[in-house]
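Two complexes, one shared chain (chain A), two partners (chain B, chain C).
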Partner chain A sequence: MRLSPRSIPMSWKARETRYAYATVLPVVVLVALFTIYPVGYAVSTSLREVVLYRPASTPFVGLKNYLDIVRGDFFASAWGHTLTFTLFAVPLATMLGFGTAHLLRVRSRLAGFLNAAVLLPWAIPTVISGIIWAWIFNSTYGAFNGALYSLGLISSYIPWLSRPTSALFCVLFAHIWKELPLTSILYVAALQAIPDELYDAARADGAGVLATLGRITIPLVLPTTLIVVIYESMVAIVTFDLLYVMTGGGPAGGTSLISYFIYNRMFTSYNFGQGAALAVILALSLIVFILVYLRVLRSEEVYRE
Partner chain B sequence: MIRRSFALASGLIALSVVVCAVAVAAAPVQLTFTVWSYSNDVIQDNIQKFQARNPGVQVALNDFAWEKFTDVMTARFVGKTSTDVSYSSDHWLQQWAAANWIVPLDDYFPQVAAYKPDFAPYAIEGMTYNGKLYGLPYYADTIIFIYNEDMLKRAGFSAPPVTWDDVTKMAVAMKQKKIVEYPLMFQFQDITPWYIEVFLSMVYSHNNPSMFDKSLAPTYDNESSAAHKVARWLVDGFRTTKIINPASLEMTEVPLVKAMGAGQVAFAVLPKYNLADLNTAGAHAQAGKFKMALMPGETHGTVGFVRFYAMTKMAADRGKEVRDGSWKFLEYFGGKTGGEFTVVKRWALEKGLGFAQLPLYKDPQIRAAINKWGNVTLEEQQSKLARAKEALTPFWGPWSLEFQKEMNKALLGQETPLQALQASAAKWKEMKR
Partner chain C sequence: MRPSRAQQLLVTTLGVLVAAYILAPFAWVAVSSIQPEKELFSVPPHWVPRILTGDNYRFIFTGKFPAGYTETGLLRGRISEKARDALPALKNSTIVALTVAAANLVLGVVAAYSFSRLRFRGAGALYTFVLASRLLPPMALAIPYYLIVARLGLLDRYGALILIHSAVTLPFTVWFLAVYFRRVPPDMEEAALVDGCTRLQVLVRIVAPVAAPALAAAAAFAFMFSYNDFPFALFVTSTIRSQTIPVIVSATAVNPDVSFGVVAVTVVLTMLPPVAFALLFRHYITRGLITVVTTR
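Let's turn to the complex of A and B:
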């Protein structure tokens, strides 16, 4: 049998296509198993009334869970706390990371020690960090109160974790302490990539420290800054473990961020339907950040400029 | 030759099958036991002793913080993490039972009925769901009023407070004499399960304390309710007279007991067993100075509660051997061994934990032990005035957390006491639907 001239490359192409599909199939199966299925299950749960102490009845309720959640007074306050937390956490983690990276670049005898020390918070599990910070801010025996009292700055111990605003800022402090190593390391890498010749040339042209910072360093670490900002935004929005350990979402729900609200609905109120609806809402919100993230990563203009 | 080899091989296979079967049959039953962290050394020692008596059962212990216990257990049950026997509480019995996570003991072990006459009525009520008994008591106790006698005397008072107005008067006097900045402290962290029991104890000390009617509709969300009186008293103490430590809103049991032991607190409402710890020589700077009084109020009523050992559905489904092993475990820990409530008695003697097993009140050893750190007569008197928490339903646990959150809004001045009660009553109605 003679093959037509066109059939040979077609057959080869088909085989190549099959091979390509076969090689990605295991990954697709894994992704489907661990991502698509749980997401689909969560969406399906969010459309049903799933209350754990009524296991026999899980009727389809459409968007009722979403409406109940959005209409509830706790939804707005939880988002309010989340946005407040994020608005403080992101700039502070970014700026302090940038500053710390500068310090780490200074060549000194202590450089090795400082590099290790700055990584320490990263090495400590978040729950342990939370327990440590809860002790530090404790109102009756906390080290923070002790230090302020010893310095004569306060006349009696302040219940930091018993007031909604100060409790939120205590968690924020612990969060930044935990995040600082990552942002610092990212900035160290970005700073090391800037050629020394640029600084030499700037100095030769008479540029001062601020001019060098504003015209060379900041523009050249901008891509890293964008990644840090977007990553830290996502981390701040989904913060949970520190809250869980330090405040339990209190006092009076004053530190209940949206992630804690989801946990509360599911594991405290046993309402998995509403918890899943909230999780879907949070996921959709995060997708906005992820899209921005992807868009920024794709654009090379920042580097070119 | 071939036939002989075949016979030999068959014999070896048969032998190995028999050996495997014997090994499986002889392998001890493995039980996973979940507890909240409290005196884990005593729990471990009890487990060792149980295993020595029952070599066919091995127990693995998993412990979690009390404040997070129900959340962790929910995650375990939903995720089907192996759990056979567990601590539980009257707070959560209805939820756990309705969700089919724990099983009624009478269905599997009819012999449990023989224990019922020994148990205090409020404890039986706290372990019963739909008429069936779900546990054997780990301990049962009352919420009591504890005071530092030395501070009270320094403030010029020779007897403890009888009403909540007395508490205010004495606390204000202590404050004015600079004996202590905040004479009262509560454990009012949003999520601590003690919060609601402390609040209800104060409610039950008033006349007409019911929070719900017979149809389980809330009746506490009005100005004349006992709950409103308590909420107003607390808000006044926080915001007007400032006799209550504002740190109460972050407080849980252990830090509160430590603060009291260190002399930072004169009055507290706590589970009774804490009195034993507070008066243990060397355990606290103020040890020996603490006494209990009947709960201040018109009736001196309080909450009687029970924590118990339960068997999970997972254990029940694992087969007869596991069920039998679980019963041996439950009976050793919450029932009798050699005719005695060995483990319950140990907790009472060593840690001052209360008990639901009423015959133990006649035990001279226990009476002597209680009198070392407390007053057995007063304790019995308070126990008689104790009542179980009312309206225990599958949504009682979630509601109690909403209640606590709303009350804390009132304590922070974000809502009035009445608004807080009304908001929590609205939550109850919503959950009941």
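Let's turn to the complex of A and C:
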């Protein structure tokens, strides 16, 4: 008697395993192609001299690119701008999100409207929000200048985006606008998880608004605050799209945050070796945040439904 | 306890301020798109438009120059002409984003289901690898991406964007859905398996209908990431054959000679699909955002 393959029943276990690999591998292979190779490439490029005008000769130079970058003029200032930006962006996005979440939880028609509207800045492409905010801060027809002028606060339009410090704050304003949806939605979820009985008890004990906020709300949303702070830090550090359309890293490098600095090394200076070295430095710095982030997520189980 | 009048007033005032912060930029650009160029440059601005016109929209759709263009010269006309690429770019963006969403629904769903239900060698390591991949900063990957795409012969093709966007969104989808699937009790599925269904049949007939909201959220996230992506699209596209709408609009908008009203039209058109998407899938997206940021 001949046995066709079909008539030998494959073991249940083997079939399940084969199915598992067949379904998982396409994703794993695609992700591997777009992570392992790029990371390897970036590391290898960062150890060689790779510049546009000598594509054929890419000698190994060890850590020279790293040393050149770190010793260069713009490295410290790019990190300085990045940290300044992050130090403003994170607390502002966090606190505004916390406050807005309270408004979103009110039972009113205005709150219902806000709940729908609050998603919109998150939904549109970041470059589009940057373009709109760049217009608002524009020095010849911007609405911000127009508003200040109409209110009599300024006598002539101010070129907000042409001054290093004010330009950074314009980008910050647009960035907060973009991040507010996420932070406020996360806080809405956190506030919903606090049992009403706690507030009732506090009220019965005669606690005022501030005492309730300080003793109940803020401590109980602390896990969310940690997540928001770390997540927002990672987002702020890699800011690129807004800078590209709002300031082009200028004026005078005043808004050249680290991601823009990398872009600049690659596509303006065409020094791929140094650009790659910078990219590796950025990735390593972010890993610190990521490890802390995962740690926090693991230790907090408040979101278990 | 009823809030006092003063409290109510405070809450309403703050609510209006936040609504204004969120919506003013949308209103400003929409109002700009229906005014003639000259009106936009008045100092101070006319907060309520004096003259309304559809000329800017007509220019984008038909190529007929709005009145007043000739004064500003030929150069400006040519630069604004570039803004008309918005329509093909919208088409490119939509095709790419829909394909990426579909790829997520097929590849992402089956992979997430296997990770959440099946035990196989290396499952934990592969899952961690897929999740960890999404934590690399985009700017560190952009150049190697360009080289991979060039080697695959996909520069300036939809294929390049679809591959990159899928590689970036699939980890999210797998993570998000695996978390969701784990919360669904497996009783029904086990009964179906005993009755002789295959895993794939169980997934399609039993799990997918129950998980439909999560699948919708995953597809919406993938669509929106792909539609909104800027740096990757900037690096691997070069002509209108594959350039997406963020690339075209940013290229025209950063040119100081372009007509402001015309770019405002392209901005409005760009925002329509994601805004419609966000409002339509609002509840799924809200729940999804919370899961994505707070669950491991």
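Please note the rule applied: the second predicted complex is superposed on the first by the 268 of 305 C-alpha atoms of A that agree within 3 Å, B and C clash if a C-alpha of one lies under 4 Å from a C-alpha of the other, contacts with A are read in each partner's own complex, and residues count from 1 in each chain.
As a convention for this text, a residue touches a chain if its C-beta (ideal position, glycine included) is under 8 Å from a C-beta of that chain, and two chains touch if they have at least 3 such contacts.
Quick caveat: nothing in here was measured; it's all calculated off a predicted structure.
Asks: Counting only touches as set out at the top, which of chain B and chain C does A:248 meet: first, second, both, neither?
Replies: After superposition on chain A, A:248 lies in contact with both partners, chain B and chain C.
Asks: Tell me the contact category for A:116 with respect to chain B and chain C: first, second, both or neither.
Replies: Touch partner of A:116: chain C, not chain B.
Asks: According to the stated criteria, A:162 is in contact with first (chain B), second (chain C), both, or neither; which is it?
Replies: After superposing on A, A:162 lies in contact with chain B but is clear of chain C.
Asks: Using the superposition on chain A described above, determine whether A:55 touches chain B (first), chain C (second), both, or neither.
Replies: The answer is first: A:55 touches chain B but not chain C.
Asks: For A:140, select first, second, both or neither according to whether it touches chain B, chain C, the two together, or no partner.
Replies: In the superposition, A:140 contacts both chain B and chain C.
Asks: In the superposed arrangement, does A:30 touch chain B (first), chain C (second), both or neither?
Replies: The answer is second: A:30 touches chain C but not chain B.
Asks: Tell me which touches more residues of chain A here: chain C or chain B.
Replies: With both complexes superposed on chain A, more residues of chain A are touched by C.
Asks: By the touch definition above, which chain A residues appear in both interfaces, chain B in one complex and chain C in the other?
Replies: Looking at chain A, the two contact sets intersect at 140-141, 157, 244, 248, 263.
Asks: Residue numbers of chain A touching chain C in their complex, please.
Replies: 16-17, 19-21, 23-24, 26-28, 30-35, 37-39, 41-42, 45, 99-100, 103, 106, 108, 110-111, 113-136, 140-141, 143, 146, 149-150, 157, 177, 180, 182, 185-186, 189, 203, 224, 227, 231, 237-238, 240-241, 244-245, 248, 259, 262-263, 266, 272, 275-276, 279-280, 282-283, 286-287, 290, 294, 297-298, 300, 303, 305
Asks: Mind listing the chain A positions that touch chain B in their complex?
Replies: It comes out as residues 52-55, 138-141, 156-157, 159, 161-164, 167, 244, 247-254, 263-264, 267-271.
Asks: Looking at the complex, which residues from chain C come into contact with chain A?
Replies: Those residues of chain C that touch chain A are 1, 11-12, 14-16, 18-19, 21-26, 28-29, 32, 40-41, 43-45, 47, 107-108, 110-111, 113-115, 118, 120-121, 123, 126, 129-130, 133, 135-145, 147-148, 163-164, 166-168, 170-171, 174, 183, 198-200, 224, 227-231, 245-246, 249-250, 253-254, 260, 263, 267, 270-271, 274-275, 277-279, 282, 285-286, 289-290, 293-296.
Asks: Taking the complex as given, what residues does chain B use to touch chain A?
Replies: Contact set of chain B toward chain A: 67-68, 70-71, 74-75, 78, 94-95, 98-100, 181, 189-192, 245-250, 255, 258-259, 262, 264, 394-395, 397-398, 401, 405-406, 408-409, 411-412, 414.
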